[in-house]
Amino acid sequence: MLDLLLVTLACFSAGAVGALATAPWMNLSRLVGNAGALLGALGAFALGLAGLVGGNLQLNIPDLLPIGGVALGVDRLSAFFVVVIAAGAIPAALYALGYTREYAGKHSLARMGFAFNVFIAAMILVVLARNVLTFLFLWEAMSLASYFLVMTEHEREDTVRAGWVYFVMTHAGFAALFLGFLLLTRATGTMDFADWGAAAAKLDPTSRNLIFVLLALGFGSKAGVIPLHVWLPRAHPAAPSHVSALMSGVMIKLGVYGIARVAFDWLGAGPAWWGGAILVVGAVSAVLGVLYALVEHDLKRLLAYHSVENIGIIMLGLGGGMLFQTSHLPGLAALALVAGLYHTLNHAVFKSLLFMGAGAILHATHTRNMEEMGGLIKRMPQTAALFLVGSVAIAALPPLNGFISEWLTFQSLLLSFQISAHTVNLIFALGVAALALTSGLAAACFVKAFGITFLALPRSESAAHAREVEWTMRAAMALLALACIVLGVAPPLTLAPLEATVFDLMGGLADMRFDWNAVVAHDGFGWVAPLWIALGLVAFLVAIPLAPRLIGANNRRRYYETWGCGRALQTARFEYTATAFANPFKRVFALLYRPVKELDIEFHPESRYFVRTIAYYNEGRLIFEDALYRPLLRMIQALAREARVLQSGNVHGYLVYILVALVALLILTV
Amino acid sequence: MASLIKHIWKTPVVTEALRPGADTEIEVIARHIDDGARKRLGRSLHIRQVDAGSCNGCELEIGALNNPYYDLERFGMHFVASPRHADCLLVTGPVTRNMADPLKRTYDATPAPKIVVAVGDCAHDCGVFAGGYAVVGPVSAILPVDAVVRGCPPEPRAILLGILAALERRA
Amino acid sequence: MSAEVLAKVVNLLSFVALGLTILLIVRTSLEGQVRVFALQSFVLALLSMLIAAYSESLELLGVGVALVVVKGITIPRVLNRAVANIGLQRAAAPYLGTAPALIICGVLTIIAFYVMTPIAASNPLPTADAIPLAFAGVLVGFFIMVNRRRAVTQILGFLMLENGIFLLALLATYGVPFIVEMGVFLDVLVAVLIMEVFVYHIKDNFDSIDVGELGKLKE
Amino acid sequence: MLTEITIELLQLLMVMLGSPLLVGVIRKAKARLQGRRGASICQPYADLRKLLTKEMVIPENTSWIFRFTPYLLATTMLLSALIVPVLTTRTPLGFMGNIIALMYLFLLGTFFLALAGLDAGSAFGGMGSSREVAIAALAEPTVLIAIFGIALRAGTTSLDGIIARSVADPLLMLNAGHLLAFFAFFIVTLAETGRLPVDNPTTHLELTMIHEAMILEYSGRLLAFVEWAAGMKLFLFLTLLSNLFFPWGVALANTPVALFTAFLALAVKLLLFAGAIALVETLVAKLRLFRVPELLAGSFTVALLAVVTAFFIK
């Protein structure tokens, strides 16, 4: 166990140092850096598995750091997250072998390789950290390494701006964490995480609440939940795609890790509003994240917004778990937590896959703008197929992995009727609605993402001349696609270790049964057999095309132009654009987007009957970015005004007052 | 809404009946079309109407085929939106220069087996538009026509007869 | 009829009543709204007769009959006449559109549930379960009255409110004594007639029956 | 073992062969309500048979997605036919998934159909898929909340379990929450299966199309499969409506008699629903596309009310 950890770290440091040492020989340094990362990630994977099967590890190096020194340890939760990180890092490193080639000469591959190794190593060590100082140190190291990776293309000013926002946000989060840890340390009088669980239970409510809020803010900003998400859609697309994959697929999960630790380990069960808050935040993040993704036409930023959405789904599971725990239903709490963690792993897999797909497209077409893509399924068929797998998985469609974890989340939320507190029930009901809306919108969004990007005719020269990417990148994606399928059709592989993990964490045995072919939630409340669904799909898909042959149907095919009402030419200009595709949503949710529509028509100087150009803008505004506080101000002013007009001689005015007063009284009296 | 239901309740089925014996032309047609259609396309015929430059007189009559009185649907025929779904092109009007190419494309877009029925005098010989500078010629100049329906405009029953004729020619 | 069945039926009918109250927001034509009101009155009458049958109270039966006569037939007549005289058809002209109004109704309903569930639980009668529904009806009726611009439709809101209160009394205490109920009915009838006249006058003076216009009276 | 297989085969056959008939019945009923004689109720069979005899005209710039989708649509529907308790609450393969899994299977079909709509690169197809996914997405919350309402009453989300519990409850029809959930689910059914007032299945004007616009490019055998799958989807949704909300007659044990009565009961219920849909489609006009969200919001409110009621009122 220990030597495994040491080997892993050795690989990473070798990769990091080697990349710097071989800086002059660009390709060599590229190879060394990424190979080191690959080997290290493999080692980490083994380490995580060893931890999951119950391997244990305590490592204290007192004099490596001041106060407390370095303390590392492996328990099941840490091990699980190590596996998640490795699951993202292995293919990322493999992918980077090919992907970083185009950076050769433009940017320093040595620095990139160094930062890449440090980044992965830091992430792995963070989840192993066992005392405050170690944790904060590694957390900062991780943030800085990722910051440098984001700044790779530092010559582009949007990258610089993104990096700046990222830097500020991540350090605001760090400050919150620092404060929270400080308070907790002072209150409990110890810096070792191990002793917190017992000590924190005896704290007075106010300081516990304060600590919870601070830590939740800190970890939430790393996880990128709304409204702390502003850095995410900026920073992730700016980074090189294999790094985007790591950040979006893995790094933000450390926020989830933190919140899980806080809620179930360090602070223990808290008041109901903790869980309620997490659940509501999750619901909001899920819905708004996917809504923003829908109107986004920059492929990588679209994926980044989907990370916000999926974090929201995970938070639904966590928050549900916390609420169940407060209402003394350990079984359901465990179930919800299992669902959340399962989705954490799944999201790491399919989001990395999708970001790598986006990277491959960027590599091939040199654009991130979906409006310039199209027809790529014919030019890069394998990438297209792999991206499709990722799309189906993230849209939570059976039989892939997104489906099973979202299904579990649904089960745990629906089972909330066992709690007998109306307010909690309503919160859960809204959670159900939010999750449902999210999954529907996610499906819609990936119809757009895949359809506009890969189908029909290419919308630009660069897309028309796209070529399939090299084999390392495809291999990395294939690996992840395979994982999507396996995690989807064979849930026991994940559920068994997760059950143990959650049991270790909070002592509740998840309220479910599963065997090789079926998962059953709460003795027959709901069940699903993804393997059988998959087999059924395959069987029918084989059988149905044969049927017409048997009954002797006409099998003649003729290829002819797309029907355009007899129109002579058929070009990409006739295709539906991403903007047009998203427009219904823009109109339905106009309240959120506040779209500003402009239409400039330039007429021919001779006659207005001849139009030269028509320019149509339909930009949505991001309320959180540019006006989080403005509505507040507006509200205050409005209130002032209202106060003045209180005395309108208006019958309804008075009736309204009566009604409001009545309702208020009722609420107060009860 | 209540009143609407009442109205529906009051209104009888106004479709011309297919009483055996009653030798209304429509009934004869109908029986033929039943046989012809059954032989040819399994009692299901989907029609795509193409206006190749007509004055819309024929369209009015074709539209009448859909009304409750003629009720084309009862013969298993109905109009479809895309030539991909169609078995029969119902072409009206003299073929104008602008419509010649689209007409050809529509024909090519229609999956075989397919029939073409030219409806109206214009479709047959360009009628009063013959020799006009914008006119390419009759439908037969562009497509292989299976049947022609004379008349300016032809009656709905005549159009039905035409479709029947086309079916039988192919059958 | 067993208490359990009665409770179920009462729940259902009260729900229908509440649904009709909310339907008033959706219907645009005045005739439609009047019809909705009449329908609700009939539902209430049916309800009171059922309860009468269950509790073998003759006067409750009487109340039901009176309900049919007064609210089911007479008042709708009067209202329709008013509508015809004023000659306006799409009359709702509410302050809030349908969608937000519906949302508010949902919120009010939930509030009513919150407030009234404990009270209902403390009430021994088998009909008590439906009390929150009746109360929701009251709140929604009140909201309709608030939300309407035109006097006639405000009357409708008022009548709905009145129906809600009647239902509440019916469910909570099997209705107030016969004579009181009669008095209430007469009051309502008179009120409606007065309002009708009042509406004419507003119309004459302002050439519109938009109560918002009354704001001018201030100056 | 043998009985299991026969039962599944029975269900499969009912959905496969029953769906065109259902469509035919609805068309006939509509024709009658409009004072027309209408096609025979077997017309859809004739249409499908004819489509199978025709050649396929495939747009040049489509990919394998376009050719794959019709088969996938049929697949998802047939797979659902194995899960949905059409005749009996003891569906041998019922363990494959509960009602939520079922809804996601339908969503899988919608997903690929929308992709196929984009594949040909025609403006109509794109418009159709954009609208289709929009409506599907907005319908999703109602579906799940309605399911929540049912689960609250039945204490389970397994299709068989729900029916079993419902049969046991004699006063079911007097349960307001139950009826509310039913209304919500009915509206969603109209939306999901592309009926009026959400989508007009008989429209000829591309700009008003939703489902039709996506399949404009299909022809021959592929079109046959798409149409057939659409019919099966309607059949399955109506079966769910009739068996989940009006569970009378569904076989609780797999005896021949019980299955036969279940068959008759289902036939009657579907007939009624067909009539109801025909009536709705005759009475109401198609909603403007951007009024549809209001309808769905309304159905969502109803579903939520059903849940709230279940919480507050016994």
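Here the chain labels run A, B, C and D in written order, and each chain numbers its own residues starting at 1.
Note that in this section a contact is a pair of C-beta atoms (placed from the backbone, for glycine too) under 8 Å apart; a residue touches a chain by one contact, two chains touch by 3 or more.
These numbers come from a predicted model, not from an experiment.
In terms of the distance between Cα centroids, chain A is separated most widely from B. Centroids built from CA atoms put chain C at 50 Å from chain A. One inter-chain figure worth recording: chain A and chain B are separated by 57 Å, centre to centre, where each centre is the mean of the chain's CA atoms. Taking each chain's centre as the mean of its C-alpha atoms, chain A lies 33 Å from chain D.
In chain A, the residues touching two or more other chains are 422, 426, 556, 558, 560-561, 563. Touching two or more other chains at once are residues 53-57, 216-217, 220, 304, 308, 311-312 of chain D.
Shared interface positions of chain C, defined as residues touching 2 or more other chains, are 110, 113, 117. By the document's touch criterion, interfaces exist between A-B, A-C, A-D, B-D, C-D. Contact residues on chain D toward chain C in their complex (touch as defined above): 171, 174-176, 179-180, 294, 297-298, 301, 304-305, 308-309, 311-314. Chain B meets chain D in the complex at residues 1, 4-5, 8, 11-15, 41-44, 46, 68, 71, 73-76, 79-82, 84-85, 87, 109-113. Here chain B touches chain A in the complex through residues 82-84, 99, 101-103, 105-106, 108-109, 111-112, going by the rule given at the top. Put simply, chain D touches chain B in their complex at residues 27, 31-40, 43, 46-47, 49-50, 53-57, 203-206, 209, 212, 216-220, 223, 282-283. The touching residues of chain C, when paired with chain A in their complex, are 95, 108, 110-111, 113-115, 117-118, 139, 142-143, 145-147, 211-212, 214-215, 217-218.
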